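Labels run A, B, C, D and E following the written order; every chain starts at residue 1.
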Amino acid sequence: MSQAVTPYLEMSQAIMEAGGEALKKCYQCGTCTGTCPWTPITHFNIRKLVRYGQLGLDGIEEFMWGCSTCKFCVDRCPRGVEIIDVVTAIRNVYSGGGLLPQSLRSFVGSMSARGNPWSGDQAKRNDWAKEKYPLYSSDKEYLFWTCCTVCYDPRNVRLAKATAEILNQSGLSWGLPPVDVNCCGESLKKVGDLELFERLKNNNLDYFKSQGVAKIITVSPHCLSSFKKDYSEDYEVLHFSELIAKLVKESKLSPKKDFGGVKVTYHDPCYLGRHSGIYDAPRDVLKAIPGLDFVEMERSREQSMCCGGGGGGLWMEKMKGERLSDLRIEEALATGAKILATSCPYCITMFEDSVRTLNADDQIQIKDVTELVLESLEINIDEPVLDTCAL
Amino acid sequence: MVISFKQIEEKLKTEAKRLLGESQVSIVLAYGKGYDENHPMPYVARNPSDVDNIVFNEYCNYNLARYLVRYPAGTKIAVAVKAADSRAVIQLIQEEKVKREDLVLLGIPVYGMKNPKTHEIIDGKTTGGLYNPVLYDILLGDEVHGQAIQSPYDVLAAYESMDKEARFAFWKKEFDKCIRCYACRKACPMCYCDPCFIDQTKPKWGDKSPQSHGNLMYHLTRFHHLAGRCIDCGECSRACPVDIPLYLFHKKVAKACEEMFGQAAGMSIEDKPALVNFRVDDSDKFLE
Amino acid sequence: MSFEPKILGIACNWCTYTGADLAGTTRLQYPQNLRVVRVMCSSRINPSFIFRAFQLGADGVLVGGCHPGDCHYNTGNLYARRRLAVTKKILEFSGLESGRFRVEWISASEGNKFAEVVTEFTEQIKKLGPQIKFKISQ
Amino acid sequence: MLKKTTIDKLPELAAALMEKGTLVAPIKEDAGFNFREITDAKQVDLIFHNTIISPKSAFFPQMEDFVRYQTGKSILEAAPVELNLKPTFLFGVRPCDVKSFQIMDIHFSGTGVVDPYWQKRREATTIFGFAFDMNEAADAAEFYHTLGIGAADPEGSDIFMVRKDDILMLKVITPKGEKLMAGLSFPTDASADEIKYFDDYIAKGHDYKTRYTCVDTEAIAREFESIFDNSDFWTKISDACLSCGVCTFVCPTCYCFDICDETLFSQGTRRRVWDACMFTDFTLEASGHNPRTKVYQRLRQKVCHKYSYHIRKYGVISCVGCGRCTRYCPVNIDIFSIVEEAVKAKWYKRL
Amino acid sequence: MSRIGVFVCHCGLNIAKTVRVSELAEFAATLPDVVVAKDYKFMCSTPGQEMIVNDIKQHKLDRIIVTACSPLMHEQTFRKVLTASGLNQYLLTIVNIREQVSWVTHDIEEGTAKAKALLNGAVYRARLLAPLTSRVIDVNPNVMVVGGGIAGIQAALELANTGKKVYLIEKNSTIGGHMAQFDKTFPTLDCSACILTPKMDSVLQHKNITMMTSCEVSEVKGFVGNFDITIRQKARYVDHSKCNACLSCTEKCPGKGTSEWDESLVKRKAIYIPFPQAVPQKPIIDKESCTFFKKGKCRLCEKACEQKAIDFEQQDTFVQVKVGAVILATGFDLMDTKPLVQYGYGKYPGVYNALEVERLFNSAGPTGGKVTLRDGSEPKSIAILHCIGSRDKNNHEHCSRVCCMYSLKFSHLFKEKTSADVYHFYIDMRAAGKGYEEFYNRIIEEDVKFIRGKGARVTQSADEPGRLVVEAEDTITGKFIKLPVDMVVLSSAIVPRADARDIARLFNLSTDKQGFFMERHPKLAPLSTMSEGIFIAGACQSPKDIPDTVAQAYGAAAEALTIVVKDKMELEATTAMVNPASCCGCQNCVRVCPYGAPSYNAEKRVSEINEALCKGCGLCASVCPSSAIIARHFTNDQVLAEMEGLMEF
């Protein structure tokens, strides 16, 4: 017996006021679900989520956390509905009532208390740099914005160091932000805590304004997208792969070490590709490194598959068989590549987990583009690599 | 090296004699002796013997382009053209009043022409400020370089910064001096309409009497008719017996046209006069 | 008695005049200082009309035409845009307050825009006061 | 008898005249001097060579309102414009300009029908002639000597003035001048040698050389009649001419005018305005036909009117040689050279 | 000197409420030249009109001013009144004191004052009104129909049957258009060729129709009633006058070209007729694929032709055609779905677009009507994906209207010709035409499966090579469907012809956002356009099915007939004219006129205006520096006088 439900329009009104007004444009054609990478492997159904939002039906909370904001559906939607904004709005309205899943509670708690998602001590933010690199001051050209993940996560610290070393090599004037800055808040916003996001954003903005920051380099596409879309426009924000591509083209950086023809394939992070439209820069860099045999995966560029880390996915536990990063690793292995290169700390983390759970870490290595460039410049930043699983 | 007027005169004479001798052209428009040295006159040489009366000195600043429309279409004419005059010829070609192939342009690069009334050097303040002809077949002397190139519109700054009341008072005083002798209209190479709109009686655009409103209508409409066509030769102001500074207003309209339509008058034969042309993406800001 | 300006309106038959009629049929109220001359196209407006209007004592002149691209004679108002722009520059340089001459693109369906523009323009002219510069004193 | 005053007392003389009526004298303007009604006595000074527009504008103004009428009503009921004239003093008129009044009198009052406006203004005006300064060279454009006018020719003036350094001598010529001078208190009588100086100055005036060619009016008229059909001559002469209206508007002996109605709302004014034979629509007929469309025809008309037809009709050349037309012509066309060229070989040599 | 009659209308209370009409009439009486000034309750009523006629006769009036509603309302009515009373209809001025005075103010003082000012302006203008006679020109009786599809054929036949001469211009080598490519038509499933070929033949036989295939419009001059159109006759390299259609030349030809007619599913000879019932049934040579043109030798077809009809030196020729009206029926194209990579069109051989499937069904098609895949095998399961590129902001926002119905037709034909299972991936099943819903029910009963969800992706099946997988969500169950199929049919968007914008520019039409021709009014004038005498019919105006297309063809034929049935046509009298005495030959008018009405007469060195081309906008009159151009009824002095009158009080 199907119990009758009545539309609860105040709820859909609230969702619309929280930024989801595109809700009303959807004519339920199902293209988004058909396109969504999660549909085949989970019971998450984005069209149904939007439908519940349209009529304000309850029971929405079970599957509103399935979306990793990979923007595949937004690109395909024939009505041009900004589905990510709808999802964010729904999460904002519902999470207000404390309906946050267990795995995200520590994430949001650390954000509000320590200004970073990794419960890392605020003061130790720049410890990875060991004072080897300069702090930003207004006379410098670039601010190298260190994403919290590359500050605190041992695996991703290598990205920060690699970037710093390459910047030194390039002769550009740059500097690090001080410890009192906090997370760019991209994932926090997608999780729905808009109020906290504003606070973190304003704190960063005050720092930018006080130092007269104009150009920002970041290694994380999430910071890139957050600065470009949610912060004010008067900053020129570059992903580090774009800068390397420019430097290589202007032959200010010349990769030397030959990798001996090893096969490499590239994964387009959703926030670098579909969100920010940068596809060719990382590929140009890889092709500039001698001895790398570049091969393209079947689902690449605009069709690239998500690693599952976006929209708070990095902090949510997913059951085995329901992880996109596993599928992506299999796709990479199918190309016969020995190295899976990408340019986002979230993807690096997700792939490192999957390659271990699939115990394929001997068949394929996960490398960030910056690491490959560093290696080809024959600069060694290695200390004993901590095994992240031990954490 | 200030080009000596004498050298140019000699070259002008030899060229004129050659062109008439070989009957490449039926008339040569140049400058001739007046009732004394510093009052030369425009002169038409029809056969080689006339060439001896040709002179060239620092007072020969007439724009000979205005005589071109007086001769029947197709007459082969050689005309001596200085910088501004060559732009007038280009503008006439643009408006199909003369054909390029009927003309032999004797370009005169010159600096140091003087205003006969004030004896001051004529420069960018009252004219377009160019020294070398924009278009010519034969150049009677090497190009003038090294003179200070100042924008012809600098002189406007003082007037543009005036407040509205002062500027209206200034122009009212100037236009009240006008005795409606129409020397400015007849001196202008671009004003070849005969009869002019002000001569019409049906409709009567302005009264014939030299009152301020009749003068205002005549002058403002003429400024509009020359919008995008005036080549800033300054002849109208020099021809005016009561010295009304008409070049100021023409410069302002020319500056506005250049800013709005991106095209200066008489600079290239391919251009189309600004006000008989349009661009779909002309911005509506012009009208704010 | 407060100053009641005399404003001359020149309206193109296909768009602005029809828009004005629409404002009438929809009973929109607007000040009655505007006196409209109907012409077939905004490109019919000779700049000398504008100078003559101010000489006849108009305190303000409002020209209305179709939006560029919608002209019934398809390029008419594109020429008009340039010619009226030059007219505006000439009036300004001659010392007339630039607020007294205004060009608006009003389509046949924009009755409300017509009423708004007339109301706003009348207020603006009231602020500027009577126009005595060009006016021919009898 | 001869009176005299000093240059620095001129303002008092001017003030005195202003009390008696309207004083019209040359005033400095941007482009040169022009006769204007004086409002402030200090404006009057006599350091000009000659005015741009001739003093004819004092008797024959560029715009003269005849009658004001209501549109829609018959013009017969309209009231003519009353010429309420105060006595006028035309101060500082050069001898050649004074002579021009006599030529203009032929047309405005000498040939039967009298033009009331010209006549009233002429009678109400006392002319203060003013001799040229003979120490200076004559202006390049002037050629009044050719027309038999002396640099200090008192003929036609009511009072004639000669300046010697800072002394200004005034001699009464006509009874009108006499009556006026009697009314003026302060100019003192001149001393004997000043009188002698004054008379010598007048005599010397006649030999003062300007551009000169012996002018036998009869011969000139015949010459122009014979050359009338020589269109090459006239085309060559008029090659440079713009056919604007400057020469006719500045000329003291040009008197052509046009009558036009200027209406506004329901009032209209019929007024006379100067016209120029050089304008294209001067001879435009109602049918649309225009006998003189070419520039050379119009220039020929202008020159022959003064140097041919006028002689045949009134026996006098309608030109006083003031040189204004040559000085202000935008392309420096010189009527004197045209006359010389027309009569070329014969008369010039015979001198 | 003029005797003006002023007639003020109360319009019931519409005007009288906020304008003191009697005071207005008294004021009018005081104005100079006003002989009669009256006010009446309803001027546009018959008694009102009679009052004017009587007053004209009685007071010998020669100018009439009607102070009432907008001229756009009743100017024609009062012009007829003047004509009836023997006065020239242009000696009339309407003063708009309703829409622009009484209805826009509540203050009767303001209203009356403004009405007086407007009336005063009208009196000043009326004094200068001149009688005008509108020119009459003769109308060319012929009509041109551009586009030989069903719309063009239908319109041409209708017009030809009325006795009018019709020129039917077709870009392709045969008429018939897209309809000739179909096998069956919905909803009646009658065979497309059976209902179309008879019409094509009657076009061929019809004495009033001149059929011009392989032709394109290259230039359009003239105006309604007198169009002068240049047609480019493309070189066919076969002289159709000599050819007797024996087609022996096509047998010998070695050339291989992709057959456009069969949507390049199959090759065709270099000398070919697109399909057996092509009209005209005479071949043409395709330059790109003809070995003679490519390598300079072969000429086998020339040898095979007894009629000696082959002519390799043939050039494009230009034909001048004069007509009175034009109907554009240029049809549509199917959207190229290659850019939509997610559907794999052009990448996977099993993916077809709608027209290709139509050719598969057609017995004259590449497979002789057998439904086989590109590798010849018979598909066992077929998926038809609706709305590909249509109803999609990123591609075409419009709904292409016919895809649902032809998709249903496809599924019927698939069921009939193969034993395959047929699936539809749709969003809404739009079956709104007559007999459409019934057709939909019939198809459902033929055991066709409908999945309510737009096809999201087509990929190659991992486990069964050669098969495809359609991924979509069945939004009814909310389940994600991965359907393995052999063949995918994309019902892609219907878009305007590639050269639609050029044709629009030739005929001075505007096109809408999607590129279809813009009708004058979507509801009240769907077949006429902003250009007088140019009409549109069929899919070139917007996607539509055959019944609507034919209906529009009838309509357009009727509209064209209204023009060409009369042999004379009255032109607007308010055109412009040049006063040669004042013209200085600056040619500004020639440069600006959008209609090319003014032309420069070189000997007289003055401009002249061809009044037939002139639309009366007055642009030339305002650019003329010596105001030599008189814009009749809006002359310079009339406008100046009106302005003076308006500003007097």
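The rule is short, and it goes like this: contacts are C-beta pairs under 8 Å (C-beta built on N, C-alpha and C of every residue); 3 or more make two chains touch, one makes a residue touch a chain.
Bear in mind the structure is a predicted one, so any value in this text is a computation, not a measurement.
Common neighbours of chain C and chain D, by the contact definition above: B, E. Among the chains, the centre nearest to the mean of all shown protein C-alpha atoms is found for C. Should one ask which of D-E and C-E has more C-beta pairs in contact, the pair is C-E. The chain with its Cα centre farthest from the Cα centre of chain A is D. Taking the mean of the C-alpha atoms as each chain's centre, chain B and chain C sit 35 Å apart.
Put simply, the C-alpha centre of chain A and that of chain D have 96 angstrom between them.
Distance between chain centres (mean CA atoms), chain A to chain E: 52 Å.
Looking at chain A, no residue sits in touch with two or more other chains. Residue positions of chain C touching 2 or more other chains: 47, 52, 56, 75, 79, 83, 136. In chain D, the residues that touch at least two other chains are 264-265. Only residues 71-73, 264-266, 288 of chain D touch chain E when the two sit together in their complex. Per the touch definition, chain C reaches chain E in the complex via residues 6, 8, 13, 17-18, 20-21, 23-25, 27-32, 35-41, 43-47, 49, 52-53, 56-58, 72-76, 79, 83, 115. Considering their complex, residues 29-31, 52-53, 62-63, 140-141, 236, 239-240, 242-246, 249-250, 258, 260, 262, 271, 273, 276, 279-281, 295, 326, 328, 330-334, 336-337 of chain D touch chain B. Partner chain C is touched in their complex by these residues of chain E: 70-72, 96, 98-101, 103-107, 110-111, 113-114, 117-118, 121, 508, 530, 574, 592, 594-595, 615-619, 621-623, 627, 631, 634, 636, 639-640, 642-644, 646-647.
Those residues of chain A whose C-beta lies close enough to touch chain E in the complex are 27-31, 33-35, 39-40, 45, 47-48, 75-80, 303.
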